[in-house]
Every structure is written in structure tokens, then in C-alpha cells.
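You will see chain A twice below: alongside chain B first, and alongside chain C after that.
Presenting the complex of A and B:
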């Protein structure tokens, strides 16, 4: 539970060192402030680079900044759920195919004329069930989450293919998909509210709720305890299996939402559309300061991490960097983030 | 430490992108910056498209090509991001949509921002906003395959059509073109089977082709495989069952083994597309449109059949081994 509050560093009580140094000591990665600084720096870098390379300034327009937010929202929603899992010391590799399964469920029920009032709740329910299945398998089989979710990754992909008949499920866009859903996360002018697409507002609202949940709820205490030290948590009287099932099911709700975002973006459902997505989701949490050792991770950090992935993609496209350099850049940033995190951990242990 | 890391990263990125272009060329004329977006960047076909696009850019002079595909092949979301990310930073866009439906709304977003879009290789469901559609006529390609088959079999015999995959539009048109042309022009050719799907990989095609060929091995005279992975699997199946030469194979799109097969009597015809022309005509026509000229709605880039007889002709060699960008 160490990281929820910033540990006052011993130097703060003394008069030395200077204010600036104290300020930098205070910038704690678990609070997301440092990540925000990095994000701003990288965005500044791309603004200048685009101008230098192409003579244009389309990166730093509000249109582009909002568009990146709407592109990032699918990953960001799923990454919020993943943050909860990672705080609890778990991992979910099945998140990508589960998102695609949820998107396929959404498309299938719309195509079969059940309407959005049925399709959306069932999409969310699918996500919760996927999460609960993960949680139950992890608890009852006592196998590490990495292996279980590696298995369910393939399982969800298979179920998706079964449901879709191994092809893409396309509801008719004009008659079967409600207007609000197909424009949920796009930046087209007629559906935005105060400049932002409804999908981005929903993401922000969910992020606030998740923040409050992680900060004030009793259940979140259990999650932090579980991730910090499972045996201690057990000795404290926490029902470990039940907690795990509940938290994976909760994260599954986020996956269901992400599935809805994905459907809205593609206006069709395909079970293979989520392959590889899990890596982006996990990367978002890790860049945001989440620790795969458990016990640490924040909402702010995860949101910034998700946004950063799309900023890099967008910026590299604007400059005209070839594909392989985008991959390399993202890889360097992920490793840098983890390296800084490790360095900070060691510094905390020393002090 | 972290500031240092960011600085390093910034330097690394600057190092990679030193070229300095502005909106105008050395003589003050406008430079058109065009995004060319393939379905993926690793397949040889796209490298030839890239070559053609660069050829056109070189010819016109004041055109800069920005070549960028989705990070992964078949990544629809990735391609949508690429399309959106170019808003504001290019003057025009040439796109091969991975999906005829999912790309409709991003394309309209781009067009609404004043950037003209030309579609190539595969169609888009809504063509109301695009400049033109530059592609192979797949129906005609299928018809060519049927005529080649009729020619090899002298107008009579039994053939199998091995389909590709459910829901793939381009191959469906090839299949239709093949079946309808056979029916009309070669009434004495009997179709043994036309309802089996080989799947998307050479592996799945191999097992399906084996099943089919084994079932009909006493009657079958010819087989048409509608795309490259499909034909690769079928050729392997013919070899495994010792049927090469006895069963005539007509393929669609080349690979090294299929081309070699033309010389050793295991492949009897390959329908060819012209990826270089696809890249070339796409860029040419988009620029023409941007300079106010009228452009045709649908531009065919041509279909050809390579046979053991004509394979050494210069034009066929060009199509069998199309030049690739970066070679």
C-alpha cells in the first residue's frame, strides 16, 4: 500500500537542499505529474519537429489534440480496468481478444435487429463475464494470471469466431446502428458536446469514478493489499479468491465498454480486431507508472500513458517517419518509462 | 535523469528526420505532399505500388510522397488512425482501404477537412466523396482465367474452382467472372465443385486443395486458385498427390514458386495485376484532379495472363517480377 500516499522524504524536514531540488523530489511518478511533464515535452517536440520538417503546424491544433483523445479512448478505457488488475498484482493478456469479442457481440445483436437497448447491456455483460471467468480460473486453479489469461486470450478469440461465423459482422449502418452510437467517439461536429465527442466525456467521467473508487472505497484497500503482499493480505482476513473474482469482473466491465467504443469506431465487429491490443493496453498502464509487481498504479498516469501512445503515432505520421521508426520510438519510450520506474523504486528503498 | 532521457529521445528523433522541406520548391512552385496508404507495408505487392507512386512523383516533379501503412497487416483500427493522423499535414491522400465499411467514416472526415482522397486496390462502400477508384477489374481477371482454362483444355473437361474466403469482395468477383465466362463461352466444360473455401493461408489452402483433388482425382482436368496463398497451397497439394501436369493449374497473382512452375509444366497460367501501374496512376490522377482536371470515376489498371509460352516476353517479365521500391 506504500505508494498511495507520497512518502515524505527525509530531506523535506531539513532546511537544505534548495526549493527547486525539493520540488523535483516531490514529483512522484505515482501521482502522474512527471508523466504529464513528459507528455507536454513530447508534444512540444512534435509541434516543432512538424514545423521544421514539413513547414506545417497541424499537430498542435485543437482539432488534432481532440482527435487523438478520441482515438485513445478505446485503449484508455480498457487500460483503466487493467490498472485495477495491475494494482492487485495481476495481469490480463486476454483483454485484446475480449474487447473484440464484446465488439462482435454488439455488432451481432444490432445486426439481428435487437436494437441498441439490448445490444449495449449485453456487450457490457459479455465483458463482465469474460473478466469473471478469468478471475475464477485464476482463483480456483491457483495458476498465475499470466498463464490463465494467455489461455483465455485464445478462448475468447475462438468464441468470437464461433459467434461471427469466422467473418466480419456488419449491421446496416443507416437502419440498424443508432446515430449516437456510430458517432460516439468521432470528432464530427454535430455530435460533440462542448467540443469533445461524447465518448471522450464518458471516458473522463469513468476516470473520475475510478479515481474515487481507488481512493475512497474499502474494496480498493483490499486490492492494494492484495497487490502489495498477497500472504499478508490473507493473514489480515481478506477473502482472496472472492476479491480476485470481483476485481477481474470489474475490470471486465471496462473491457465491455472498450468493446462498445471499438464497435462505434469500426461500425462492425470482427473477432480478430483485438489481437495485439493487449500490449497497447498494458503499455499504457506501465508508461503511466503502474508497477507489474503490484501495489502501484494511478488513473491519471494511465490516462496519460494511453494518450502518449497515440501522440507518438500521430506525431510520427505527421512528420512522415516510416513505420519501423514509429515502432522503435514506442519501444524506447516504454523501456524508458520502466527504467525510470525501477530507478525511482530503488531510490525510495534507499531513503 | 528523466529529462536527460527525453532529451536523448528528442535528439534521436531529430536525427532520423533531418530532411527539411517546406511548402514550396526551389523555384517557388507549390510542392504537393501526398499520403499514400497501403493495406500493409511488408508484402511485396505494396512495395511495387510504392515504386509506381514514386515514379509518378518523380515525373510530375513537385510532388512528395509520404508512404505509411498500418503498423500491423490487417489492422483496421491502425489504418483508421493513419488516415486521421494525416489530416492537416498533407494536400491529398491515396488509400487502399483494409475494409470497405470501416474506412468510410474516416475518409469522409478527411474529405470534410478539404483533403481530396483517391481510393485504390479495393473498393469503399460509399464512393460519393472520393476522387476516383483505381484498381484491377477482378471480374475481368476471373474471365481471363476462364478463357485460359478453356484454351488449355480445348474447350472440354472437368474443373474445380477453389474459392478464397467468405466475405472477401475482390476474390468473389474473380470467382464470379470465372464461373460466368466458363458457362457462356465453354459449355462443354463441367464444373465439379465451386462451393469450397480454401481459407486465407497457404496451410489451410493446402489441406482443402488436397481433400478436393483427392475426392475428384479420377475426373478433374483443371483447377483455378483465385489468389496467391490459395494457389501456393494448391500447387503444393498437386505435388503431394503426384498430379502436377495432369491437372492443369491456373493461378491468380504470382510468387516465386508459381513463376518457376510455368517452366516445369506444373502451372499453366497466372493472371497478373499491375501494382506499379496502380501506384503510378493513383498519384497521377490525384494530382490531375488537384490541378482542376476532370478525372474518370473508375480507372482499370489492367489484367494479364502469363503462360508457359509468353512468360519470357519483356512485358510479362516486368509483371512477373515487378520492380519494388527501395531495391
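Presenting the complex of A and C:
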């Protein structure tokens, strides 16, 4: 080997980068940077467009930016869980109705005067159970996740209706819902910390934990391997059924949290509130660079993806576009994101 | 019909192609005559595939020219090449499994009147082609998915006839065929020769090349290093041209001595195959397993490792009865290198690091979390040890060449500190240089008192590096003998006849 004489690690032989640059390299920013650029561009576009069309500048105010973050956090939390599932090569179509079921559970226990100390843990537990059920069905029946979760999507909706008696469950806001919970995801000044609602702070904290989990944990290596090639994972002695159940249950915890967010936002629980939500959650992951073929997805990308969905929604409203154009814009952006990613991937493979 | 194989059908002159800084092809000259089988040989990465991609129009050459039947030939893409008379038959067949033989053959060139298919004309042409190929029994309306690999290949050849191709390229056509299918394929190729077509035959199996080829052309590092008639040239000489060194160096001998038994298998029976296998696997020994594809060699390894279920029989590891699952076998010190790198052996989109450490992360883990820098440092050492060529341990596997990927698969079993190595076709589809490194590695492992089980279809390598060789046939393990008691002929005859001698 002629290269034996060169130093063992080529990166150290180049000029020593600054501490800051090393820091940025270490947290691997590059993977979400493209999406971040697109987000900034779109936000700039809406700021200018609003000013040109209406003469106002309400889009780019810090209030609006924080409000969008607050609105996005329900989707974002669930999308973090979905990122884990999608990295593992799975999908969860039941996430929408599962969120609504969790929200309904939360509302029901509050209305029945169990108090938040019971309601919140049970909400989270409901999410975990929903996820574990998905994982078990996928593992033991050996049916593709798409079909199983299509089934559980309806199942969770039905259970929610059973619990709520097919109506909206509305605990009394002043006496039954604790103050912190009803203001968890709102931008009212008396509960915000450094300008951000506690729900957004919680989201950011969980995002950091998820990032660390996906980078440093042994379990995350199994998840990536599973999504990249299930046969290889099996060959390497990984317990596939157990891994799947565990990761769907983990994603279920995020769903439970999202249910709590949704309850906080609406102050009520209705099993039908989550219908259609799964598409936004999956879209957030896909916009953020997650691959439905498995093996790929990032926390930072998913966060940006979730935020982008609400930026487009809000921005289109601000410049007075009719609702159907908002949907069309979002659709175009999802397809563009995937197409660009595919193109980039192909170019990478060719080089 | 052209009688003499003298008229030149295809000329490729001074073909060059660069990808970035690397010269994939450098002034390659190449000629195929009518009625001739030209064997194109070279190590992996020598430029064979690039050259064929230039021929099929998938790549455009940077310089050089091609003449087909005396006319300038510059295909705009694979379909254009097919219409101009160049038909490629790849290792991975290009058929739509749910379409019929007829629809597959006619795809893109359907015979029609005013938009309606003229099935009668189509059928008669296809029938004619199948008769020419000596397989009139194939029915054109059968969906391709019900055909064996060999018959599917035949459908591709039939397509070449129906499209009136002048040049047919076979790219590693025999790697998934049984011995008898190979003979049938050779008959088909002879039919094509008689019809005056020019054949380009790419293969790693030099015995096949000697058997079917008329002439050879050798590529090395993107350059033509030799060509001529196959008559009067030995296999050794061709290999020397391919690798630029002597054959003796191909099988480096590392001295080792057999020790005590580490795994003993008795009456092992899988769901279908293997059947009633009895075998001792010893430390410090390379045990070869020979046999035809489908004889149960792979299934034996998979049962032993817990990937296939076992119906009956007993497996003892270190004298303890074990019910294999992959996780349990890894703990017991057994490692496997799968025959299928792409589909099973390696996670293609994961990094080198992840692939090597997947079966054993404990050295870097504390409370379920990894020390990434320690892990990466260790991977650098492993890559250096096995000469894995890559920019960094974080590079995804998909960007590596076949040989380097295989080294990563080997590194994984070594990294998990296995005592028993189950190697299933570890040298398939990789270049001669890497093969040689793998042989040396196996010898070194045996010298470290490890046990190696080496499944291969390539008799030469089995006879060169194994200490004992077992032969399997129809699911049964027939005979185990020391290497010195075997010849290629006796291995083959046991494998085919299914009877011990």
C-alpha cells in the first residue's frame, strides 16, 4: 500500500479548523442546511409578497413567527416520532387518529376529575400502547406497516368514539384544566419563557434528546440498519420483532405528547380531530429529507419540515390566497422536495 | 450466411472515457468478427462494464469511434443500440416478471396494425427464434416469472434474434446457472455463432472462457493489454495479463495445523434441504464445501447460523447443544459472510463503521450509548488492516467497489471476534487482487486457530486453499476428504452423480 506512509487521519493533517467550525462540523449541520435555506427563502418570499400585495408586514413579526412555531409543535412532536419510524423503513398512517385518541383520553380523565397528574401520564401511555400495538401487529402478522397502520387508523378512531360517546369531550376550562396546560402551547405573555411558549421549549428539548438518541445510542444503530436492510440486521443478530415493537412504542410516546399538545390547543378532545393529520406528519418528515425507503431522516430536517408546512399555510393566508391555493402550494412543495432529494441522491450514486 | 469468421462486425477504435480524474478507459481497441465468440476478461474495475456501456450507448465516449458492420455507430442510448443491432444480456436479467415471454421479447418493438397488436406475426417470429435456439417447447404466453433463471436468459437471447441483432453481449451469464444450464447456454451461443452473429462474452470463470471462446481481449486499468486467439494460450497466461503477476502468487499459503473440533453437527435436516448432514468443524482448518448451486451448501450454513429453521438434528458448539439463532450464534463465536452482499450481507446505505460494528457494539457502548470517536478510531485501524479503500469510515457502503464491500463484510465477522467463520461464496464477483487478499486472510485466521467453512462453486480455489473438502448433492453431504484426495474431476463427478466414490 503506497498510502501507508500518509498520516493515519487525513483530516488532522489539514489546517486546524477553529473551535466554532469544529463544533458545527460535529453536530452535523450540513444535513439540514439545505432545508433551512429553503425555509428562509420561502419566509423572505412571504414577507415581501405580503408587503407588495397588502402593504402590511404582519408575517415577519416575531409574534407571528413564534405563533407559527407554536402551531407547528403538535405536528413537529409527532413527526419526530415518525422520523424514527421512517428511518427504520416503516410508516405509520394511524398517527393522526392516535393523536386524537390521546387528546380524547386526556380530555376524558380531566372531565372525570382525575386531575392532570393522572390524565397526562395516561395520555402518554395511550400513545405508547397505540405504537406498541402497531409494532406487534407488524412483527407478528408480518404484514407491511402501510396496511397494518391503515387498519389501526380506523381502529383508534373507533376506540376514541367509544370512549367519547361519539361527541366532543370538553372538561370545564376554569375548574378542571390546570392553568399551565391550557396555556402550554399558547403565546399569551404570562406563561411564555424568553418569549417562547412552554410547549415550544418542550419541543426543542425533546428534539435535542432525539438528536442525541439518533446519533449516540446503540439502539439507533439498529434502527438505521433495519431501515437500510432488514436482512443484514437479522444477520447481525438484531432481534427484529423486538426492535420494531420498541421503536413503534417509542414513536407512540411522541404521539402521546402530540395528543397532549392538541388537547392544550383545543381545550377539548374529539376522536375525529386527527383525521388527515397523518399526511401532515409524514409530509414534515419527507420535506425534511426522510426517505420512505428507510435508512434516512434527520431531526433538524423534520423540525424544518414541520415549520415549513405552517409557514406556507400562514403565509398564503396573509397574502390573501384562497384556501385551495394553500393546499396546492403545499402539494407542490412536497413533491419538489422529494424530487430534488431523489435527483441529489442519484447524482451522489453516480459520482 | 457468412461462412468464414473473417469479416469484422464491430470495431471499437481508440475509445477513451474519463470520470472526473479517473481514466476509466484509455485508447481501448476492440474487434469482433462475424461468427466469433470474443471473451472480454479483466479484473473488476478494469473497465469491462464501462466499455460495454459505451457499446450499448449508456455512456458516450470522450474520444474514439465505433463501426458496426462497416457503418459509423454512435448509439444515443440502450434502446437505440438494440435497434441498431447490439443486444446486451446482463447478469441481472432485464425482464418484466408478470409479462409473458412474447410481451417481454417484443417490448418496445411490437408488431401492430393501426395500433392493434398483430399477435400472429409476433408469435411466429418468436416461435422461429425459440426453435433456432433449440427450445421449441417454451410457450410464448407463459409469464416470465414462472421460468427458471436459465429459461429467462433464453428469452433474452430470443429477443436478440427477433430484433435481428448483430452483436450479442453476455455479461457474466453463468454466475447463477447450474452446470447443466451452462452447457445448454453454450449450445445456444453456438447457434448464434452459426447464424453469423458476433458474441462478446464477459466472465470471471476462465475455464468457461476457454471452453466457449474463440478469441480473447484483456483489459487492465482501462487499457487493452492483450488480445488474440484463445488457441494455444493457457489460463495462467491470461491471468497474468489480467493481474500483471504470476498465478502462484494468487493463492498465498499460510501454514496452519488443524486442532480440536469446535462444532459438531449430527443428522442436521432443514425444512427441505439440507438432509441428514453430519460434519465436524475443527479449529485451525479451512473446510471447503463444494457442490452445485442448490445442492444445500448455502442452506447448511444458514441452518447452522439460525437463519433457516431446523427440523431435526443436533448442533454442538464447544460440546454444548445449541439451538441456533443469529444472536446466540454470534455470542457463541460464529460469524457468517452472506453470499449476497447487496440483498443481505451489508446495509448499503449505512456507513462502513455501522456495517462493521453492527454485530458487536459492546466495545464502544456504555449504558446503551456509543463513544463515537473511539469507535471511529478503531474503524480506521480495521480499514487499514484489511486495506479497505475509502475516504473515511463514515462513507456509505454503496459508494465502495465490490471488493472493498466484501472486505467490510469480512471485517465485521473478524470484529465480532468469531472463532468460526462461515464464508458463503466470499470471492464471487470480486477482482483477482482482492480474492488473493481474502485467501491470505483465511489462511491467517486458520493460523490463529480459528475454524473456517468455505463454500464455493469455484473448484480451483477450493483445491488451492482448503485442508478438507466436503461435497454436497441434493441436500446431502456425501463425502469429506483431505484436499490431496480430490481433483476437480472427482469433486464434480460426486456433485453431479450424487453418489460417494
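Methods note: the second predicted complex is superposed on the first by the 321 of 351 C-alpha atoms of A that agree within 3 Å, B and C clash if a C-alpha of one lies under 4 Å from a C-alpha of the other, contacts with A are read in each partner's own complex, and residues count from 1 in each chain.
FYI, a contact is a pair of C-beta atoms (placed from the backbone, for glycine too) under 8 Å apart; a residue touches a chain by one contact, two chains touch by 3 or more.
Because the structure is a prediction, the values reported are computed rather than measured.
Peer 1: Put the two structures on top of each other at chain A: do chain B and chain C fit, or clash?
Peer 2: fit
Peer 1: Once the structures are superposed on A, label A:321 by its partner contacts, choosing first (chain B), second (chain C), both or neither.
Peer 2: Only chain B is touched by A:321; chain C is not.
Peer 1: Just checking: does A:215 make contact with chain B only, chain C only, both, or neither of them? Give me first, second, both or neither.
Peer 2: second
Peer 1: Thinking of the overlay built on chain A, is A:42 touched by chain B (first), by chain C (second), by both, or by neither?
Peer 2: first
Peer 1: Identify which of chain B and chain C touches the larger number of residues of chain A.
Peer 2: B
Peer 1: A:232 contacts which: chain B (first), chain C (second), both, neither?
Peer 2: Once the two structures are laid over each other on A, A:232 reaches chain C alone.
Peer 1: Should A:146 be classified as contacting the first partner (chain B), the second (chain C), both, or neither?
Peer 2: So A:146 meets neither chain B nor chain C here.
Peer 1: To be precise, I mean the smallest distance between any C-alpha of chain B and any C-alpha of chain C in the superposed model; what is it in Å?
Peer 2: 21
Peer 1: Which residues of chain B touch chain A once you look at their complex with the stated criterion?
Peer 2: Contact set of chain B toward chain A: 1-2, 5-6, 9-10, 12-14, 16-17, 19-23, 33, 41, 66-69, 71-72, 74-77, 80-82, 84-89, 99, 101-102, 104-105, 109, 112, 165-167.
Peer 1: In their shared complex, at which residues does chain C touch chain A?
Peer 2: Its residues touching chain A are 19-20, 307, 325-331, 336, 338, 343-350, 354-355, 357-359, 361, 365, 368-370, 372, 380, 384, 387, 392, 398-399, 412.
Peer 1: Applying the document's contact rule, which stretches of chain A touch chain B when the two form their complex?
Peer 2: Residues 34, 38, 41-42, 45, 49-50, 52-56, 58-59, 61, 63-64, 67, 71, 74, 165-168, 170, 173, 182, 186-188, 262, 265-268, 270, 272-273, 276, 310, 313-314, 317-323, 325-327, 329, 332-333, 336, 339-340, 343 of chain A touch chain B in their complex.
Peer 1: Write out the stretch or stretches of chain A touching chain C in their complex.
Peer 2: Interface residues on chain A, with respect to chain C: 1, 4, 8-9, 11, 215-219, 221-222, 224-225, 228-229, 231-239, 295-296, 348-349, 351.
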